[in-house]
Each structure stands twice: as C-alpha cells, then as structure tokens.
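Below, subunit A partners subunit B and then partners subunit C, in two separate complexes.
Right, the complex of A and B next:
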C-alpha cells in the first residue's frame, strides 16, 4: 500500500466577508478538505481579519453569517486558525469573536506557514 | 454639491486618494458596504491625506454597519459627527445633492 500523502493546505483569507463570495468559497474548500481528513490551516490577513469581528448580522442583506459558519470548522477537524497581528493593529481591530479559537501570528510566523504548506489557496 | 458613496476599505489606497482629490468642503461622503470598516480606525479621520480632511459631512449606512458587526454606539468619540442613516435617508440625501459619484 502506498504511504498516505497527506496535504498541508494553507487557506489565506484576505477579503472582507460580504462584498464578494471569497469568504464563502474559502469555507467550501476548507470544509471539503477537512471532510477528507487533510491538514488545513487558515490564515486571516489584510481585510480578511474583518471576518472575525463579533456580532455580525448580515441576514437582512440575505447573506449567510460568515462568523457563524467559521464556528463549525472544529467539527471538521480544522482548528488551526491564524490571524495576522500586524493587519489587526493597522486596522485598529481590538475585539475578535472569542467563540472561535485563533492564534495571532507575526510576519515571521506567516512566512513559516507558507513554507510548511504543500498547497496554498488565497482568497 | 456632490454625494460621494464609498464602498471600499482603507486598504484600497488609490481609490481613497482619488476621493481625496475629488472631494470639496460642501460635498458629503456616505460610507456603504465595506466602506463602513473605515470607522473602526479613527486615526484615519485625523490624517490630512485621508478624504475626511476635505469634508466633515460624513454619513454611514446603518444596515451595512450592523451586518458587519460594527456598533455605532461604541465608536471613538472623535467620530461623533458621522451620522448613521437608513435606506430612506440615503434616498433623501441623494435628492438633496446635485450629483452622486460612486467610488468602488
């Protein structure tokens, strides 16, 4: 039997949640990869950090609530959520949705995330 | 007298600069969609290179703020002049101005 080739997938979110379908599509990839038991890490950087703001309520705009969807990721075995601390501070984001566990990372740690990944998707 | 609508964050630097160039003191700027995220960064509004240095008539669409988890009651006191408005008030605002320009 061939040794299993487990992928290390890095999904980079750099888009705000509701003005494009990027956030939703990145979740689709994450959930699909998680369902096939691949190793998935998600990095929120740039405007992607806005996906983690608490108390979003886009239902009136007929959008699905991205932050609610992010909360199901651990069920699919995805628990590596990283946030670019530089992006947070330059946007003055002080409060993140604490019902999700995420790790703040430096630029050096972000470089390591890219280097360790076998596949990178940017949204 | 122009109503400028802006639907992008501050990371779209060229777009924000172009608005800075176009805007005059009796114009108004209405933040919609992702433009709302700019109110989370009060330091922008004291930056001379930011469009807000041109006019103090700044509005923001309330529904878009709510959708994005932006609580207008918790804004920096420096941004108290920003008025959060409904869709109906958006229509009234557009009617009050000679022209509307979309920045996107």
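Right, the complex of A and C next:
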C-alpha cells in the first residue's frame, strides 16, 4: 500500500523525555516511517537533548525508558540522529549516551537538515 | 496542491484544532485537495461523539463531521493515541472489553502508517501543534 515516492522526513524533538508524551509519540512516528522504508532523520534540540542522557531511570515513576526505546531505531533503518550542539552547551550537557550513534550539528547544519526535508514533524 | 493535515491539539485546550479546521475548510473552498486529516496526540479528542459544547458556542466536533460529509474527506484518528486517552470505537471497545464506545463514525481508527502514507502522497503536511 505504501507508494514508491520516497520522502525525507525530519522529526524534531524539542521536549524533555518525561515532561509530556511528546518523546514517546514522536518516536512512534519515527518507527512507523522506518517500517515503511521512508528516509527519516531525527534532530534533538532544546530540551529534547535530555532524551539522550545516559542512566535514565524513569521506572521509578512508572514510565518506559525513552533512551532504551531510542536504541531500537537502527533496527528500523533509522541511523540519522542529530543533536544540536548549541542546545547541549547552553544546558551544560557534556555526557550523552554513547551507545547511541549521533552526530552533533551546528546551526548551519540544522538549516541544511530542514532544507533536505520534505516533511517536518515537530514535537 | 495536495495537503494533508496533522492535528495535535484538542478543542478548547488550544487554538490548534480550530485553526486546523479553518485551514482545511479554506483549502477546500479554494479548490485545493485534502488527502487526509490525521488526528494524533491530544488531537484525537476532536473525534469524540460525546462532547457537548454549550449551545451558544461553536461546535467544532459537529463542524468536523459536517466538513467530512460535505467533501467526503478521509479522517483518521490514531488508534493507539486514542485508546490510551479513552477514545474507542465499537470494535475497539469490544476488543478491550470496555462498556462503551465514543468515536464519531466519520473518523476511522488506524495506525501511524496512515500518517506516513499521507506524507508520502501529499505535497505538504501542515501540522497544527499543541
């Protein structure tokens, strides 16, 4: 049922992992797009960078672990994870979960990500 | 131009749902094509069949249903987002062993693949956020 026309989907994550359902529900879109073999890139910016922190333990508040869920993305063919380096430095985040492959990007590179995208979903 | 619309906001909670409705209505009135309207996150509340706004207020729920009938649109409500927020159609209510259903018949329940497909087949996806 999926058409052959391939689009470049950019998913922009700007929400902290457990303050709302945004992280979980944007991940679900990424997985659906990956399952339908669309080209997907994910950008973590603003408070969305907190999704990539190591050693999250949300089980104590009955949440699923977002960083563990993000690790399944490569299985769905999604390996383009980008992190806004300006957002990292303004939040003094120095340590990210290195078991996830991600690329730090500048404002200029973020512009290019938006330009390449045919569809942008912001959460 | 072929548009698809992504609605993430509930009526009354934000301007989002009403803006999405007005955009969809305006696009159709000017001869554009709406491939699909997809309701996700809090946007799923637009598909409630039970919401009853005061009679002297604009009834956005009814307005969506009328727009769908008038233009034979494709309205899809995300089945997972709806179930976790307490919106079920008859078959989902049966499947989850719940006592009632509350989704208007104008809205189909389906998965996020329908959003991905809409983005692949439309020139533009317009998101109306939280």
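Basically, the second predicted complex is superposed on the first by the 120 of 123 C-alpha atoms of A that agree within 3 Å, B and C clash if a C-alpha of one lies under 4 Å from a C-alpha of the other, contacts with A are read in each partner's own complex, and residues count from 1 in each chain.
One rule holds in what follows: contacts are C-beta pairs under 8 Å (C-beta built on N, C-alpha and C of every residue); 3 or more make two chains touch, one makes a residue touch a chain.
Just so we're clear, the structure is a prediction, and the values are computed from it rather than from any experiment.
Colleague: Once the two structures are overlaid on subunit A, check if subunit B and subunit C clash or fit side by side.
Modeller: fit
Colleague: Have a look at where A:91 lands relative to subunit B and subunit C in the superposition and call it first, second, both or neither.
Modeller: The first partner, subunit B, only.
Colleague: With the two complexes superposed on chain A, say which partner A:7 touches: subunit B (first), subunit C (second), both, or neither.
Modeller: So A:7 only meets subunit C here.
Colleague: Would you check which partner chain A:122 touches, where first means subunit B only, second means subunit C only, and both and neither mean what they say?
Modeller: second
Colleague: Figure out whether A:57 sits in contact with subunit B (first) or subunit C (second), or with both, or with neither.
Modeller: First partner only, subunit B.
Colleague: Quick check on the superposed pair: does A:76 touch subunit B, subunit C, both, or neither? Answer first, second, both or neither.
Modeller: Touch partners of A:76: none, neither subunit B nor subunit C.
Colleague: Determine, under the contact definition given at the top, whether A:28 touches first (subunit B), second (subunit C), both, or neither.
Modeller: It touches subunit C, and subunit B stays clear.
Colleague: How far apart, in whole Å, are the nearest Cα atoms of subunit B and subunit C in the superposition?
Modeller: When the complexes share the chain A frame, the smallest subunit B-subunit C C-alpha distance is 16 Å.
Colleague: Okay, in this complex, where on subunit B does subunit A touch?
Modeller: My answer: residues 7, 9-11, 33-34, 37, 40-43, 63-64, 66-71.
Colleague: Residues of subunit A touching subunit B in their complex?
Modeller: 16-19, 46-47, 50, 53-58, 60-61, 63, 67, 91-93
Colleague: Quick check: in the complex, which residue numbers of subunit C touch subunit A?
Modeller: Those residues of subunit C that touch subunit A are 6, 40-41, 80-81, 111-113, 115-117, 119-121, 125, 127, 129.
Colleague: Using the touch rule from the top, collect the residues of subunit A that touch subunit C in their complex.
Modeller: 1-3, 5-7, 9, 21-22, 25, 28-29, 31-33, 35-36, 38, 118-122
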